[in-house]
Every structure is written in structure tokens, then in C-alpha cells.
Amino acid sequence: MPKARLEAFSDGVIAVIITIMVLEMKVPHGAGLDSLVPLWPVFLAYVLSYVYVGIYWNNHHHLMHAVQHIDGSILWANLHLLFWLSLVPFVTGWMSENHFAALPVAVYGGVLFFAGLSYVLLTQCLVRIHGRDSRIARSMHGDLKGKLSVATYTVAIPLAFVRWWIALGLYALVALTWFIPDRRIERAAES
Amino acid sequence: MPKARLEAFSDGVIAVIITIMVLEMKVPHGAGLDSLVPLWPVFLAYVLSYVYVGIYWNNHHHLMHAVQHIDGSILWANLHLLFWLSLVPFVTGWMSENHFAALPVAVYGGVLFFAGLSYVLLTQCLVRIHGRDSRIARSMHGDLKGKLSVATYTVAIPLAFVRWWIALGLYALVALTWFIPDRRIERAAES
Amino acid sequence: MPKARLEAFSDGVIAVIITIMVLEMKVPHGAGLDSLVPLWPVFLAYVLSYVYVGIYWNNHHHLMHAVQHIDGSILWANLHLLFWLSLVPFVTGWMSENHFAALPVAVYGGVLFFAGLSYVLLTQCLVRIHGRDSRIARSMHGDLKGKLSVATYTVAIPLAFVRWWIALGLYALVALTWFIPDRRIERAAES
Amino acid sequence: MPKARLEAFSDGVIAVIITIMVLEMKVPHGAGLDSLVPLWPVFLAYVLSYVYVGIYWNNHHHLMHAVQHIDGSILWANLHLLFWLSLVPFVTGWMSENHFAALPVAVYGGVLFFAGLSYVLLTQCLVRIHGRDSRIARSMHGDLKGKLSVATYTVAIPLAFVRWWIALGLYALVALTWFIPDRRIERAAES
């Protein structure tokens, strides 16, 4: 089964997710600076979520580039990843409307956690059908970064109840480590 | 007429449908657990509808993979299927906002019924233009699962007025049988 | 300049338009039949607009199928068509929320008029760059149906102020004549 | 790394942005002309933003047409451009709901400024990886128009606090100069 439509559908879903988030930023009624200022947590959360969804699209792009064929299980592993990403606009809105209260920040981390987990799962499904010696398997071996991200979320989520900015700082840190697209695949693709 | 644009357009519409449903989950105003709890029917309905739309996309993907050419009637049979799918976010929102009251659950089933029917119709249009001996005709012969699904909805809809969870259970059961993508086509494609 | 991206972008925009219209159908607050009944004008208008946008997608598909190359002017002629189509959800919502009052029905017709006109314009731009002897020129000669549609809208719009259902009936009539995709191009493509 | 998915994703995001803007035009409650008239600033702003997003799509189309390969840095330079474009519906809504008050008009210009800047940046990233002698480098040399646009925004933004229509007029002027797609690339492509 070719991968073209999986890519096209994922592009479509991620494109809608990334653009729909901006709808959470309700147009303020006043025209003064004072009506724009209360939007700062909404804008900050939007930027973080935009970067996160952008990272997932970039990594998806890199990952699928190394893929040769797919099957029915990949379709569902991919839909599973898109499910958690589809919740990002909701938790972004909830977190920012409540000015980074403990529970919403933790739930936001929970969605990141499951998105990270489902990405690791998708990777493993792809490695399984391509074989241990495939390019995708070699480029992914260990997948330390993916597993470390999920581990960091596990630490960050309870910390949201101590100080919200510790949790958010850890989320941002993980984003930073992923900001650079997965060189491992690029390198493996070149060799 | 090539099938590429039909696939691209269907991908786009289904991508928007699946992501727009999450907009029905209104961001709660409080930051506590008590403001999240009332959302459980909305979340449950979202998961069910997400799985359903995911199933349709998967089956559409499998079906179109076996298609060699299309004509004007296929364009409309496909738009007809997308029409019923486009109503899924509306009935999902209505059903969940009313905590699975009888009528909304029945209407939700009605949309599933017509979506199922229009998928069977699309299949038959495709078989007609490919001929009785084509790969798509062989892989679809009888199309028992499609017809059984539609029959199950017919039984489930009136049962919504007895107990809502019987109807919803039957909808979920049908989803389960479709969760596994259509092996018939995969098998026919391999032979 | 190849036509692939023009098709992909148009597919995306039309997919969003056709799905966003359903957002105008606000989920009713009650769970009874009495809360569903007032939605009939909204649903009727949704069906009409869905068919109209579907027709434009079908015809766009047929038209672009015959196109060999495009240039900058085609990009803008196409964006111009998409502009009028993007107003369809707005006028659909306005017309149905006011139960087919005269002015909204006339404005709805106005948007159809300009969409029809911009489609004729797009066709003429394509004929111009392909030459008088091209397949697209032969299949389009006269473009009677396109011009008749625009003429019918011109008659229907003032009639909206006499009886709304005369205007709406004429819009539906035009839709019916377009329901069958443009056989002219299909025939020219075969010959 | 091939450019196909970058194009498909950008098409998707821009398609959603351009269509979502129309959602800012709230359906008026009355059916008379008097309920339509207050919408004129909203409609005017919608037209301007539609043309602007259309220009970006056209130029993106022209630019990517000349591109042969991309890398990870291009993915992010492109996402950066899409980020600023994704803010266009928000600032369009804010500006028009406040009838072109000084600050919203200035902020609207600010988003145009950063979108323009990020386009220049994307261009430079592409030139860097293709080399000084590449087609894209030759067609872009100096990129006077891109830099002049950014300079004009810098002048226009403070003028929004003097008279809103001077700033808006300058934004419209820049749009006009870009309305004609980038002939430089078309010419270079032909030679």
C-alpha cells in the first residue's frame, strides 16, 4: 500500500489543527492596548502549541520520508497520533483562559505525553513492518530522544501542581530539543 | 478520468470534519476538576465519532486503492457519502450536549445509517464501471459487512428510545467490526 | 507552470468551505423534536449550498482535467472564483437564519451570480492561453450553460422580492442543470 | 528531501486561513439592508486580507516552483511564514470590529511586516542552499520588491496613529505591487 494518501491526510489534519488554534484567540472588544494585554497568556500558549504541532509535522515528514510501504496497522497508529494532536487546540484554550492554573497545565502535559507516546508507537509499527535491518530501523535505533521526551512529561506533569512555570518550562525544553529536525534519519538517508 | 483529485478532495473534507468536531468541546470556564467532569459525554461522543470518521477514511483509502478509473457518477456518489459524514460533527454535538437523550442518539444513528448506505452505493457504482470480473468486484462480492452494518443501525435506532446505551453499544459494536480495515480488498490486491 | 498545486489549493479551499457551512447549523439546546423542527430552513439551505459547492468542485475538476498549463493570470482568476465561493457559508447562514426573507435570498443569488460569472471568466482565461484550436476551447465553445446560468440568476434575484420561493426555485433549477457534470469536456476528451 | 509535502502542507494551511477569515463575518440577525450596512468595514477588511493571503500563496507557488530541494531549515523558515499568516484572521477581525481604530490598524500592519520579513528570510534560506549561481538566486537578486514592501510597512505603521486610511492605503498599495505575480522568477524560468 503506497504512503501518499497517508501523508496527504496527515498534512490536512495537521494543517487544520495548527490553524484552528488561532480561533481560540477571541478578538477583543476594545481597540486599546489595555484590551490586548490580557491576551498574553493566550498568545504565549498559541506560540508554544504552534511550535509543538510544527515539530510533529516536521518529524512526521522526516519519518515518512524513510518509509517505503505501509499497511492497515500504520493507518490506525497514525490516526491515533492525530487524535492526540487534535486535542491540542482544546487544552491550549483551557490552559491559557485559566492563566496557566495547575490542573489545565497538567492536562496539557498529559496530551503532550500521549502524543509523544503515540509517535513512539507509530515509529515502532513502522520498524516492525520494515524489518530490523531497514533504513528506518537503523535511523531510529533506541529512539532515545522520543523516550526521553515522554519521560520528561512524566516528571513535568506532577510539577505543574507545585509551580506552573516549572512544568511549562520543561514542556518548552522538550520542544527545544526537537526544534532541530531528526538528524538521525537525514544522516541515515545520506549514508 | 484519474482518481487523484477525488482522493485529495475527500482527504481534505474528511480532515476538516475530523478536526472540526473538537470545536464542539467548548473550553470550560473553571480550572478545577469539577469543570472538566461534565465534559465526559462530550469526550466520549468525540472519541466514538473520531473512530467512525477514521474508519470511513481507512475504508475509503482501501477502496480507492483498488479503483482504476472514475467517472462523473462516482464524483457524486462520493460527494453523497461526504455529505452524511459532514453531518457527524452536528449530531455528535447534539447527542453529547443532551447527555445521550433518546432522540439525539437515534438521529446520530440515522446519520450513521445514511453514511453506511451511501458507502454501499459508492461501492456499487465503482463495481458497475469496473465490470463484474474486476478486482474491486471480486473483493466486494456480497459486501456482507457493509450491509450488516446498515441492518444493525436499523435495529439500533428504535432501541435508542428504550435505553440509550443499547443503541450506542450497537453503534460501537459496528465500529469494532470495521476497526480492522477491509482485509478482503487487501487479500484480493495480493492475489 | 504545472497545474498540480492550483488543483491542490482549490481542493483545500473548497473542502474547507463545504465543511464549514455545517458550523452554521448551531446545535439546538433541547433534545426533543420541537427543538429540531426550527432547523428545517437551515438544513434546506445547507443542502442547496452543499450541492452548489459540489457542482463547482465537479466542474472545476472537469475543467482542470482538460488544462495543460497555466500562468499567473489563471492563479488570480481561480482565486477570484474561490473568493465568491468563500462567501457561500455566510450568505447561506444569513438566508436560513431569516427564514428566506427577500433581501437575504437576493444576496444569496448575488453571490451565485458572481461565482457563475467568475467561472465563465476562468474558462475564458484558460481558452485564451490554450488557443482557439485547443481541446478546452472546442469543449467550451459558446459555453451556453454557463451564460444561461448567470442570466437565470439575473432574473431570479429581483423575483426574490416578489416571492422568495420563486427565486430559490430558480436557483435550484440551475443547480439541477449542472448536477450532471459537463459532458461537453468529457466528450471532447474522448474524441 | 523532496518539496512535495512542504507544498501540500502550505497549501492546506493557507487554504484554511483564507476560508476561516470569513467566519469573522458574523451572520447579522436582521434581514434588512440596515443590518448589512454595519458589516462594510468587516467586508472591506476581508477583501484586503483575502488578497494578501492570495498574494502570499501565489508568490509561494512561484518561489517553490524554482526550488529543487529543501532541508530542515527550510521547513522551519516556511512554518515561520505560516505562523504570521495564521495571525491574519485574528488581526483582520480585531481591525474591522473596531472600525479601523489606530492601534488595530497598526497591529495589522505589524503582522504584515513580520509576514513580509519571514518571506524574505525564506527566500534567503532557499538561495543559501541552492547556491549563488542557481536559478532561484538569479531570479531573486536583490529582491527589491520584498525589501521595499517591508520598508513601506515600517513607514505605514506609525502613520496609522495619524490617519487610519493613510496606513490602510499604503497596505493596499503594497498589495497592488504584488498583485502581479513575480515575473522575475517566470522570466528566469523561461531563460
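Residue numbering begins at 1 within each chain, and the chains themselves are lettered A, B, C and D in the order written.
As a working rule, a residue touches a chain if its C-beta (ideal position, glycine included) is under 8 Å from a C-beta of that chain, and two chains touch if they have at least 3 such contacts.
Keep in mind that this is a model prediction, so the values were computed, not measured.
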Original post:
Using each chain's Cα centroid, which is most distant from the centroid of chain D?
Top reply: B
**OP:** Please state the rotation angle, between 0 and 180 degrees and to the nearest 5, that superposes the Cα atoms of chain C on chain D.
**Re:** 90
Original post:
Copies chain A and chain D touch; is their interface built from the same residue numbers (over half shared) or different ones?
Top reply: different
Subject >> Between chain D and chain A, distance of the C-alpha-averaged centres to the nearest whole Å >> reply: 26
Subject >> Euclidean distance of C-alpha centroids - chain A vs chain C, Å >> reply: 37
Subject >> chain D residues counted as touching two or more neighbouring chains >> reply: 8, 12, 15-16, 20, 23
**OP:** Note which residues of chain B are touching chain A in the complex, please.
**Re:** 7-8, 11-12, 14-16, 18-20, 22-23, 25, 27-33, 36, 50, 54, 57-58, 61-62, 64-65, 179-181, 183, 186
Original post:
What residues on chain D touch chain A, complex-wise?
Top reply: 1-2, 5-6, 8-9, 12-13, 15-17, 20, 23-24, 71-72, 75-76, 79, 82-83, 86-87, 89-90, 93-94, 97-98, 101-104, 107
